[in-house]
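Chain IDs A, B, C and D follow the sequence of writing; residue 1 opens each chain.
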Amino acid sequence: MKKITVTLMVMLLAIGMVFANAQTEQASAAALGSAEAPLKVGLICIGDENDQGYTYNFMRGQREAQAKLEAEGYNVEWVVKFNTGEDSTCSDANIETAEEGCKIVFNNSYGFEPFMLEVAKDYPEVDFVSCTNCVSSHDDLPNTFNAFANIYEGRYVAGVLAGMKINQMIKEGKITPDQALIGYVGAFSFAEVISGFTSYYLGAKSVCPSVKMEVSFVGSWSNATAEADAAKTLADRGAVIISQHSDNTTPATAAQAAGVFHTGYNNDMTGVAPKASIISTRIDWSIYFYDFIKAYLSGEKLAQDWSKGMDEKAVVMTELNTAIAAPGSAEKMAQIMADISSGKIQVFDTSTFTVEGKKLTAAFARDTNGDFAPDTDEAVFDGAFHESYFQSAPYFTVKIDGITWLNEAF
Amino acid sequence: MSSETVNIPFVRLAKRESMDPRKVWAIRIGSIVIAILLGMLPMFITGNNPFKAYQIIISGALGKPIYIKQTIKIAIPLLGCALAIAPCFKMRFWNIGAEGQITAGAIAASYFALNWYDKVPSFVLLAIMFIAATIAGGIWGLIPAFFKAKWNTNETLFTLMMNYIIIGIVSWLQGGPWEGRKGSQIIPMFNDSARLPVVFGIHCGWIIVLVLVILMHIYMNYTKHGYEIAVIGDSENTARYAGMNVGRIMMRTMFLSGGICGIIGFIVVTGANHTLYNGVANGVGFTSITVAWLSQLNAFAMILISIMLAILTKGSNTLQTKLKVPASISDIVIGILLFCMLSCEFFINYKLIFRPRKTEIKEASV
Amino acid sequence: MSALIALVVAAVTFGTVLMFGTLGEILTEKSGNLNLGVEGIMYMGGAFGLAGAFYYEKIVGEAASSGFVAIILAILAAFLAGAVASAIYGFITITLRANQNVTGLALTIFGTGIGQFTGEFMRVKEGGFVALSNHLKDAFSSTIFPDFLKNIPVIGKMLFSHNFFFYLALILALAMHFFFSRTKTGLYLRAVGESPSTADAAGINTTKYKYLATIIGGGISAIGGMVYIVTTAGCVWNHSGLSGVGWLAVALVIFCMWRPLNAIWGSVLFGALMIMYLRVRIIFIPTEIYKILPYVVTVIVLVISSMRNNKEKQPPASLGVNYFREER
Amino acid sequence: MNSNIAIEMRGITKRFGKVVANDSIDLIIKKGEILSLLGENGSGKTTLMNMLAGIYQPDEGQIFAEGEPLTIRSPKDAYECGIGMIHQHYKLVDVFTAAQNIVLGLKDEKLDLKTINSKVKEICDRYSFIIDPSMKIYDMSVSQKQTVEIVKVLYRGADILILDEPTAVLTPQETEKLFTVLRNMRADGKAIVIITHKLNEVMAISDEVAVLRKGKYIGTVKTCETSPQALTDMMVGHAVTLNIDRPKYDSQFPRLKVEGLTCVDDEGITKLDGVTFTAKGGEILGVAGIAGSGQKELLESITGLYPIKQGTVDFVTDEGKEKNLVGLTPMQIRKTGVGMAFVPEDRLGMGLVGSMGMTGNMMLRSWKKGKGVFLNRKSPEELAKKVWDELEVVTPSTSFPVRRLSGGNVQKVLVGREIASLPKILMTAYPVRGLDINTSYAIYNLLTEQKMNGVSVIFVGEDLDVLLELCDRILVLCGGKVSGIVDARTATKEEIGFMMTTVGGKEAADVQ
């Protein structure tokens, strides 16, 4: 027992010394963002750049935003936390970044929001942003934000290029029109993913009417093994093009190994699968980061729910892999992108798809009573379903004809 | 005679009968010091100043009241779970299924949190959750004990497997029956009435575990049950001879151990996470085994060791933000610490006998 | 039928990872050491195996890099990492005679830390991500048999379409079977695991055998981690991809009843169970339930073998118990 | 003569903690001779030989072969020096075949079954054994296992064989066969050491006898020049005139009736076969028999620790009522008010909790007593103090772990506790094994005292002299069967010896 007491005393002493040393970080009188008083911004990531996908894309946005801000003379310091779990370690990460003096904290994963909201209550002077989620806009906390970009627009474009590639294969006699099958690796059977593969399918269908799609859900945002297995499964089932909504590059490599084509997400995947990957679409997070920080520094605040699209370059296409893309892809892509930006093309045009053989006439966008089923805001009007119109986070959850869910269990 | 000693081996081992307690503690503290020195290696290799790194770890864990609170939050389940494991290990029943028993408790607690939050007052709800978690954790611990008692099934491997079965069940609940927004794989956050009250800035789980420390100390040392456990741990034959029903005591102890793990599961979901997910136990079940073992199953020593590990865990998180050193360095330093502390027991239990120098025969011990 | 073939082929990929992990652990456990640190060992193998290939490529340049050399280096690096990790475990349990369960868990914590630290630190050092070139990636996942063999109906795909590592694991399993059942050293090793005092009295250096089995076993397990990174994970460090794989390997050891030949089909079966939900839909079995099946099956095997009390189908008798000759 | 010496040990000392197991021992082992290493249990015989076998290493002293100093660091070294030891607990791997066990640890052996089998056969033929090399050990009988052990040692060319109590588990026929083999080996020029404490065997087989007593070397004599009486003197230090006080208790009455008791172990081997006897209050009933004849099972089945297959065990109360004890657990037996005390053979592994002090061990009988969940420490503490005082237990305190006490003190704690429970039946298994003479007498006196209190004492012993002088009647077990019950006051050693080896004893012997 005596030794325990001694040890305790030594520990207390150590703590005391640290307290004595702890430098209280006082913000000086200088304006935030200046050379003397850098603005600290936190970024909490679910993975790290090794995923070559989701978190990599965020880090890329962070670097580009930083460069732009630096060029304009702003002094911004980033505190990045990698590999954070969607659990109480996320609360801890938010607390820690806030305590480190960050005025803005970005959370990059959907699952972070509930934990972030808990912390946000205790730090009203810090702005907390949950990317891809949807609660902040209508909760009671003025310091919480949501952001997303209209990635379905980019997917639509990728879908068109996939359709063209299929057309080329049909024309070359490699497959019959009946064999025009797209395989899609989805993370969860969840609005963001459903909206994504539906827009992709509609894009493909707009050029190749006979195309069908099968979706395999892996049940994880980031599980390299399962994603590869799902892509392999789809290829084994006869898919000639694979696309994905998951964080890793393994679907691309699996597609290449199986001898089929692929379009990616988050990152240019032609590097890892030059013989398979035609193009990728990604969100350019630097737009949002830049806008948000700039607004913050100038004393304003962005809307609590932010969403931008192709028109504002928040959604971009990576470089086209001309070696394997169908002839005429580049021209077609430019035209479609212009049409989406101008509003000439509505991605979810209700005349282009059916639900159980019927035209879609009504679907709600948002859930307000917390039962997780949309109950307000009619999204179908003017002949189209308006995605990301009422809130940034996607809400298209309709199962349309032509798409088969291989495992809808979750 | 001198020629005869030539062939005596340079060093050999003998079991030590006893050692001065002061020396024992000196060895243990020495091993921690060595661990801290060895822990500098990875920081050194990555080009950081180890002293600065330790300073950051300490200040990141204890530098601000909120950090201390977070550190304590990490220590709570470690301590609680180590307490749960202590009676099993005392009985030489190698329960490495605490991870699963925590999860089982968490599931039971979550069931009531999700379904009954608007049916009963908060304190009643919490009491129900507490009891449900205890029973669920207990049952999850009872299953391997039953087979051990009945057919002598290897409990180490059985309890290990049970962890992954229950964690899989949570994954299923997360994406299935208990899922919040469809497809999100997230179980909704608990209602406020299903959350543990906060005392001094930390959820009151710390009070529960401190009470458990005292109860466990009393249970192990002053009760009939504690005596039975100690006798079985010493020799099952003796226990049978004394008229103890070894199988029943084993099952009872495992129910208790699992039950306490269940309570920790309850504390973790209602106090720290406010929701259930498949990583709810987060390795605590494994780490706490080392806590229990290194504390020599002494309830009070567990407080110290769990806090020490919590400081390293929390502090290393700060290290990542400040020095761009991956947070996993905490696992390395904790690993080194465990290795050193495990190794030092050797010098307490055994003595090395070196070859005598000349003709004189003496025992050199470390 | 073709769906089944496809399932088997896919199961083999993940099964290979498990097979290495399991074979290594079988070797270790045959010496009476229950090394619960496999999880950590596989993490270390993954990180160091990747590092070996990555830095090799970085030094000689992508163009000059040879797939064969990269494979050898990756295997060597992983093996060494695993061997060092288990040498630590061995020293603490064999020489210092600490509790095996606790030491194994400590190794899991330590090894996971080292693996993730190394994987992440490489990224920090390199800026961005650490990935091998496509050239090496192809080398790692390419098959070694000519196409005409692969094109044989049914068995062609099932037998000849896998990557190099699978066949290596296969050879290893056969070699280990031969080693345990036919060689003197294998017999002695089994004796050490069954009854160290007997082996000792027979003049077998139990310490040496325990060390060698533990270290080599750890090295083999570590190769499994490397195989995961360079095949399924796409040649890039994956923070949590290996999580749980080591424990699955421990389960598989029990499932195989400590027999290397069983590990061949056992690992493919476990691999299949992990990906079955993507391929075989049974409406009333939720996905996650498939994933716990390996553990459930293992528990059942464990219980049945203890109930039947068959002398031949038991863990090595001294598993988990340290040996001290002068114990009284 | 000198060239005849196989091994010479000089000044060997071995300590275990504070216990000196061997104290500066000198011993010479000669080629072509059988040496008996004689001594009571705990005299250090096995320890001494373990140092030749490389299991232990001497703290002091040196071993010589051919005049050269030897270092035996491990069993491997021992084999290389041509020393092979057959341990009392066989060192065999259960799941291996005989052949696999035999070649275990050999360096240059190819694992070629044919060669091994022919070599094994050669050895078997030479010394006339029979074994099946492909048989698994777990399928073998005890004597088959012993044969494997001997072949194993011979296979590696041992010239010096050490056998640790080889006959303890053998039937007389098997013993005779073993002796034939040993004689054959002696004729072959091998040096043989037999560790034993059985005088008749010493006389029958050995050329020389070396005697140890309490870890000290007493001397070596030629068997042909000595007598059992002289050897006993060397073993115990003085002529055995035990002179155990044996008063008679006048009002003996039946206390325990056992009828047709049959027990079968896990592997289906019958351990007790229709055992029938009555133990009386006020007498000491001795139980004799060679080791493993069912003594352990007899006591354990009566106390509820060993499953009974058939038969009845009835406790007779003071009022003369009979209570059936079959199928009851020890706790149930205790609860029905049957005062039964049991001093088991394995003191620290069964009767006591080694890691606890005297108080904790006193509790082993009483921990259930008292209401509530808490332990009553007070009365065990008092009892511990009482035993400490009355039996003169040497211990620093009542909380000092009993594991670290000497054997005699451990036994005093155990017997003291059992007697303190005021039993009606007191069962003791080898209560004086390993104890010094004084402590042994203290125990005899305690048992007699109990007898005179009307307690029914059952005494399982190995030393026939003691059994004959201490007990009132002696029940002789042979292979799980009751060979006979004799009056200890009139029976002779020879008579009992016959009964131990042949069911029916004298009658059967007469027929021969």
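Just so it is clear, a residue touches a chain if its C-beta (ideal position, glycine included) is under 8 Å from a C-beta of that chain, and two chains touch if they have at least 3 such contacts.
Bear in mind the structure is a predicted one, so any value in this text is a computation, not a measurement.
**Q** Hey, which pair has more contacts between C-betas, B-D or A-B?
**A** A-B
**Q** In angstrom, rounded to a whole number, how far apart do the mean CA points of chain A and chain D lie?
**A** 77
**Q** Using the average of all C-alpha atoms in each chain as its centre, how far is it in Å between chain B and chain D?
**A** 44
**Q** Could you grab the centroid distance between chain A and chain C? Build each centroid from C-alpha atoms only and quote it in angstrom.
**A** Centre separation, chain A to chain C: 35 Å.
**Q** Using the touch definition from the top, which residues of chain D touch two or more other chains?
**A** none
**Q** Listing for chain A: what residues touch at least two other chains?
**A** Each of 82-83, 219, 409-410 in chain A touches at least two other chains.
**Q** Which residue numbers or ranges of chain C touch two or more of the other chains?
**A** As it turns out, chain C has residues touching two or more other chains at 116, 120, 286-288, 326, 328.
**Q** Kindly provide every pair of chains that touch.
**A** After working through each pair, the chains in contact turn out to be A-B, A-C, B-C, B-D, C-D.
**Q** Which residues of chain C touch chain B once you look at their complex with the stated criterion?
**A** Residue list for chain C touching chain B: 34, 36, 40, 88, 92, 95-99, 101-103, 105-117, 120-121, 124, 244, 247-248, 250-251, 254, 286-289, 291-292, 295-296, 298-299, 302-303, 306-307, 309, 315, 320, 324, 326-328.
**Q** What residues of chain C sit close enough to touch chain A in their complex?
**A** Counting only chain C, the residues touching chain A are 2-3, 6, 10, 13-14, 116, 119-120, 123, 128-131, 134, 137, 141, 228, 232-234, 236-241, 274-275, 277-279, 281, 286-288.
**Q** Going by the contact rule set out above, which residues of chain D touch chain B in the complex?
**A** 17-18, 57, 59-62, 69-71, 73, 303, 305, 329-331, 333-334, 342, 344, 346, 348-356, 360, 363-365, 367-368, 373-375, 404
**Q** Taking the touch rule as given, give the residues of chain B at its contact with chain A in the complex, in rising order.
**A** 22, 25, 29, 55, 58-60, 62-64, 66-67, 70, 73, 171, 175-176, 179-186, 188-189, 272-275, 277, 279-280, 282, 300-301, 304, 314, 317-318, 320-321, 326-327
**Q** Applying the document's contact rule, which stretches of chain D touch chain C when the two form their complex?
**A** That would be residues 16, 53, 55-56, 74-80, 85, 87, 91-96, 100-101, 103-106, 109-111, 136, 138, 152, 156 of chain D.
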